[in-house]
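Below, chain A partners chain B and then partners chain C, in two separate complexes.
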Partner chain A sequence: MPLDTKTTGFKYIGTRPDRPDGIDKVTGKARYGADAYAPGMLHGVMVRSPHAHAKIKNIDASKALALKGVKAVVTRADFPTGLEGEDWNIQENCMAGEVALYDGHAVAAVAATSLLLAREAAKLIEVDYEVLPHVTDVDEAMKPGAPAIRAGAADYSVPEGLHPNVMRYIEYGHGDLEAGFAAADLVMENTYKTEATHQGYIEPHACLAQLGADGKGEMWVCTQGHWFVRRMSAAALGIDVANLRVTPSEIGGGFGGKTTVFIEPVALALSRKAGKPVKMVMTRSEVLRATGPTSSSSIDVKMGMKKDGTMTAAKVTMRMQGGAFPMAPIDSALDCAFSCYNIPAVHHEGYDVLANRPKQAAYRAPGSPMAAFATESLVDEMCRALKLDPLKTRLQNASREGTKASFGPTFPRIGLVETLEAAIAHPHYAAPLGPNQGRGVASGYWMNWGGETSVSAALGEDGSVTVSVGTPDIGGSRASMALMAAEALGIPYENVRVNIADTGSLGVNEPTHGSRATYASGLATIEAVKQISTKLCQRAADKWGIPVEAVIWEDGSAKPSGPNAGEFPPLTIGELAAEMGGTGGPISGHFEATPSGHGGSFGTHIVDVEVDPETGYTSVLRYTVVQDAGKAIHPAYVEGQFQGGAAQGIGWALNEEYIYGADGRLQNTVFLDYRIPVASDLPMIDTVIVEVPNPGHPYGVRGVGETGITPPLPAVANAVHAAAGVRLRSLPMSPPRILAAIKAKG
Partner chain B sequence: MRYHTPATFEDASAIAAATSGVTRFLAGGTDVLVQMRADIVTPDDLIDIKHIPGVKDVVLEDDGCWRIGAAVAGAELTAHAGLCADWPGVVEGMGLVGSTQVQGRATLIGNLCNGSPAADSVPGLAAAGAEVSVVGPKGARQVKVEDIPAGPGRTTLAKGEVIAGVYLPPRGKRGGDAYLRFIPRTEMDIAVVGCAVNLRVDGDKITEARVVLGAVAPTIVVVADAAKALIGSTLDAAALDALAAAASAACRPINDKRGTIAFRTDVAGVLARRAAKIAYDRARGAK
Partner chain C sequence: MVKVHLWSGLRRFTDGADVVEVRARTVGEMMKALVEAHPGLEPVIKAGVSVSVDGKLIARGLHEPVTDDSEVFLLRQLKGG
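And then the complex of A and B:
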């Protein structure tokens, strides 16, 4: 789609007004997933497998059903059969069929008149299991003898002779790898491992569902994408999507983890069976055990470099488990692995592996942080070996406009070089360090996404404008949409209200994922409100009796385009709106498309850490994020995304991990032991917004939500090496691991 | 579940003695209520001791002994100038518990009776030589703090026994105490290792010492050899080495999600050194 990209001379874009949802959120009025109530509502509670892998021999709910107030129990028998592909995967994940595939896998659910009663009833549901051997580690799951979790389910891509747990195999590359390595002065190869982590959103999954015997239903749900919820839930229950209307609540974080369903189809099934609305709210332990954490990974990377730092060849082999279901993000991990560099020869290989863990879901740049950990750690190791400056070496090899990307296409205008130059010039990079302190740097990439988008805008009688978008607002996107609408119409920010519409009000919208909301819904908002100004120009032209071509829209008013058009005082949006009922009726604009001009975003991070040599404790002293935003619509929310990505990445690097016992059960199912950084663990994270406009957006926007989590894993590892003299190639770099490495070094 | 608000410890004890199901006393509730919410414990009888007169008192007795009531919250201790001056190590142990919100409720005795080997206030209390007064069906008795824990989640209290208060001995001259814990974060975490040191000096020389470790065994460990390493020394390098070695040697830790045996053993020695230095400085400095 050719766009007339405007990149300068903005009136509202780039300002930092208060967010429209702010007051409701700080006063507790905002309604989140668990804040919905319906007359006669029941409470649903899930029964979950205590085993990592077990055959379900029998489920006896008679004792639960005998309790007064218990209205329904559902098992897989209450769901339709015959689903295929990802629809089956989702149904199977929401409610186990013949086999419980991981600790926490739902096997039954009960609805009762109170939550206490439902919890009591859930304990009375007797499930007879035959425990099966399990495997939770990705490398173990590929070894001969590992239990086959779903034999025969691998797709055509998997070469013969691999373990049946390998579901997909990917291989691609370009250039002459052998020649590239031969041309190098230094070739290094290492294996890196990352543990699974959880998005850690503060709001647990919650929904209120109603489904009648007539197959018509409604749902209120905490989600990043209610059309996804509608499609997945309808498929799992065998109903038409049009019969299910889904309204999104306010959302307390998602980071990718709320782009799928877990409890929603089950709440609908309970409602259908009980004939009442059913509310389900997960506990934190359920969230950690049975939603969608990341994959864990095991990665081999090999790279060749000349003495002057020129990269000559690179090869990566990525093994990822995504739980007991296919679709670990090997594709995007591989695509991002060498995306920062212009390397003549690259080769990628990926294995998508099953393990007895929950079905992975998206988490901020899925796959890219793991890939960056491997590549950017190795680049750092090679720069050390060759005594090269790590940022200048990155700059020397950086991808830029016209570079053939490691994953195939040729890069359009991108901003990696600008982030590297800004990082090199930043005072942080030259600041002095004390004893036991070290500095690390790393770059990262996320390709971003466009996706199906449908937006409407309606003019009010007083000239204010309501914009309806389909992308739930997680990081302040309503403010950004309002700024873009205000800019396009030339009206004050306060005169635009942005609503998140339900599935009945707009065409299909993909979720707020892939860093797409500000890009795609923003683009559609601009186009939709432009239709309003076009229609208003027509009304003015009619009034003045001149052709519409002689009318222009400027500063919120219709004006004659020049002296030849005639002498008419401008008609403001308010004046035109006040009489629109009599001049042709209501005015609205609508735009829908699947825009694909999303530009990728690169970032470069600098971090200083201090490592206590006696305890292995790492404190993060200083952190700077430099990232390309294309155009920062609301700079404060762009900075928030940069900081949030860095904070989550630091957690992943240092202490967050899924810990499974020998029994295959998750050991750390509460925030006490699933160690997200607390506020006092982090310094104020400094941000530098680089703006290399994206030609694919009217105002140059690039998505910024995800890239920020990709550099921290290697940046922190590189800083720990600099501070403590030890290289950690497995995450997390928790104190016991760092101390053991320090002791091993002697 | 039955909820009781007895007016005396004798009544509290009588209620607890008469029940047949699961009983919990309710002090701050920062363990009990959390455990109830998480389905870990569902008491049949919940006996709230906060209505008993005197449970909120912090009193300096005539003999120099501090008496702290069973419902005094952490925040009240950290704001108590006199107590902080006498027993900074005890208070800093309690002060590490939870967050501002938790501090408004959590108590020393709750921390002790919850039975966690990692409880942050317990090593400091034991190092100070604190005792608790126990009221039970067979009457009242004084028990040393280190004799209360019996293992993870268990105490030596008999059925029907309840603790009415904590007694810290007179501080006396030239004493100092300190508590340090290791956690992988800066707060809101559970001790992987904890170490309290309480000592007295005569000039530069240490004349009395107690060293207590937390989170390295099923209960806190009072390390007599570590105290011996300090007594008679001026906290020179050799004494610190001997202290660290004794602390590490006393560890009987487990490998778990929070730390490894090797890590806990090493870090116990590191914390012992660091806590001893703080206690030593306090003993020579303020008093």
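And then the complex of A and C:
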């Protein structure tokens, strides 16, 4: 798709206006998922498996149904059969069939006239289980003798002889690996492990569902992508998508975890059975036990390097469990593993493995943080062994435009070199350190995404413009869309209102995921409002009696242009809009596409930590994020994405983990025990926005939402090593683990 | 002929080749030609793949042009958070 690109001379792009949804959000007026109400509404509660792996022999709901006020109970018997592939996986994850596959797996649900009553009724539903052997660790799940969770479900890619828990196998690479390692002065190989973490969004999943006996329904839901919710829920229930209208609420964080469904099809099933609207809101424990955390991983990395720092060869073998369902993100993890470097010989191997854990969901740059932890830790170890500067070594080997990427294609214009140069020049990199303090650096990559996108824009009678997009606003995207529309039309930011439209109002939109909202919905917004200015030029041309080719749109007005256009005073958007009813009728624009020019984003982080040798506690003293944004539409929200990614990555590195007991049950199901970083745990995170324009967007935008979580895991590990002299190759680096490593070192 | 680079795990469907040549003018024609020449690739393509043409990642643009000079990679389908 040819684009009229513009990368300089902006009037509105790059400014920092207040977000239009800000006042409602800070004054409590904004409506989130749990704020939806309907007349006659029931409350739904899930019954969940207390076992990691168990056959469901019988479900008796008679005692629950005998309670006054209990209106419906659903089990898997209330869902259609015959689904295949990912549709079946989603249905099975929302409501177990014959076997409960993990601790917290839903096995039944009840709807009642009050939440208290529904909770009481859920306790009265008797489920007869036959407990089965379980496995929760990825390496254990691949060993002979591990319980087979879904024997025979592996796809075409899995070679014979592997454990039936291996669902997919991937292998690829290029170059002569043997020759590459032979040419190296130093070859190092280590194994790294990361635990599963949760996105930790503050707002739990919530929805209000209404589905009639005629198969027509409506749902209000907290989600990153309501078209996904519609498609998945409709498939799970066997109804047509057009019969289900889904409206998104405001959203209190998602980070990838709200791109799928958990309670929504069940709420619809309860509503269909009870004949009433049903509201479901997850508790925090339910969120941690039964939504989608990340995969856990076990990774072998081997790299070769010359004395001068030149990388000669690299090999990675990655094992990831994604819960009791396939599709752990081994693909993207492998693609990102060596993406920062121009290495002549690379080889990747990956195993997607089942374990008795919840179905993994996306979390900011799915797979990339784990891969970066392994490869960027090893790069640091090699730089130390060869006494090389870690940032200059990265710069020496950095991928740039024209590099054959480790995953195959040739890179277009990218900005890794610029982030490394900015990091090297940053005062942070040369600042002095005190006792027990250390500095770590790391780089990271995410390829970003375009995705199905549909946007409409409508001109109001006073010249203001309403833009309807299908990507829920999580991090300030309304403001970014309004800025791009204002820039394209030459009208004030305040004259653009951006609405998040429901599934009945636009064509299919993928969620706000893949760092795509500002890129893809932004591109579509620009193209949609350009249709408005084109139509306004026609109205002006008609009024002046000149050809439309002799009219240009500039600074919010139609102006005559060219030698034969004649002399006419400009007509403003307000003047033209006021007359549009009499000059041809309403004016709107619409654009839909699956844009494919999303440019990847690279980042480089610097972190200083202090490790207490008595307790193993790590304090993060200073943190700097340097990342390529292409063009920062609203710099404050770009910085916010950088800071958020760093904060979550620090949590993943130092504290967060899913802790399973010997019984396969999750031990830390509340935020007191699942420790995410809070403001008092972190310094102010400094940011540097690098702008290497993406040629695939009219204003050069690259998505920025995901890359920021990739470098922190290895950067913090490298800093801990520098501070305490111990190399931790297993996350999280919690105080007891660091203390044990210090003691073991002696 | 368009040279299509496949990931190594697909070699068993293409008689050991990880680069195959097909006659095609668009991504859609290329996919069809791949399956005709190597039927074992059909479930792979049906399950969902991405195509990189000259560094641009194309998910579903079957009409996107390819030429004999294009750098074309068949890649696993990716998702973001």
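By definition in this document, the second predicted complex is superposed on the first by the 744 of 746 C-alpha atoms of A that agree within 3 Å, B and C clash if a C-alpha of one lies under 4 Å from a C-alpha of the other, contacts with A are read in each partner's own complex, and residues count from 1 in each chain.
The rule is simple: a contact is a pair of C-beta atoms (placed from the backbone, for glycine too) under 8 Å apart; a residue touches a chain by one contact, two chains touch by 3 or more.
This is a predicted model, so every value here is computed, not measured.
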Partner chain in contact with A:40 - chain B first, chain C second, else both or neither: neither
A:212 touches, of chain B and chain C: first, second, both or neither? neither
First, second, both or neither for A:171, with chain B first and chain C second: second
Partner chain(s) touched by A:614 [first = chain B, second = chain C, both, neither]: first
Touched partner set for A:513, first chain B, second chain C, both or neither: second
Residues of chain A touched, compared between chain B and chain C (which is higher): C
Partner chain in contact with A:581 - chain B first, chain C second, else both or neither: neither
Partner chain(s) touched by A:504 [first = chain B, second = chain C, both, neither]: neither
Touching residues on chain A, where the partner in the complex is chain C: 85, 155-157, 169-173, 199, 255-257, 259, 329, 331-332, 335, 362-366, 407-412, 446-452, 513-516, 594, 596-598, 696, 703, 705-706
Residue numbers on chain B that touch chain A, as the complex places them: 38-39, 182, 184-190, 192, 256-260, 262-263, 266-267, 270
Chain A-touching residues of chain C, taken from the complex the two chains share: 5, 7-9, 18, 40, 43-44, 47, 52, 54-61, 64, 71, 73, 75-81
Chain B contact footprint on chain A (complex, rising order): 119, 285, 614-617, 654-655, 659, 667-668, 670, 672-673, 675, 677-678, 680-681, 734-736, 739-740, 743
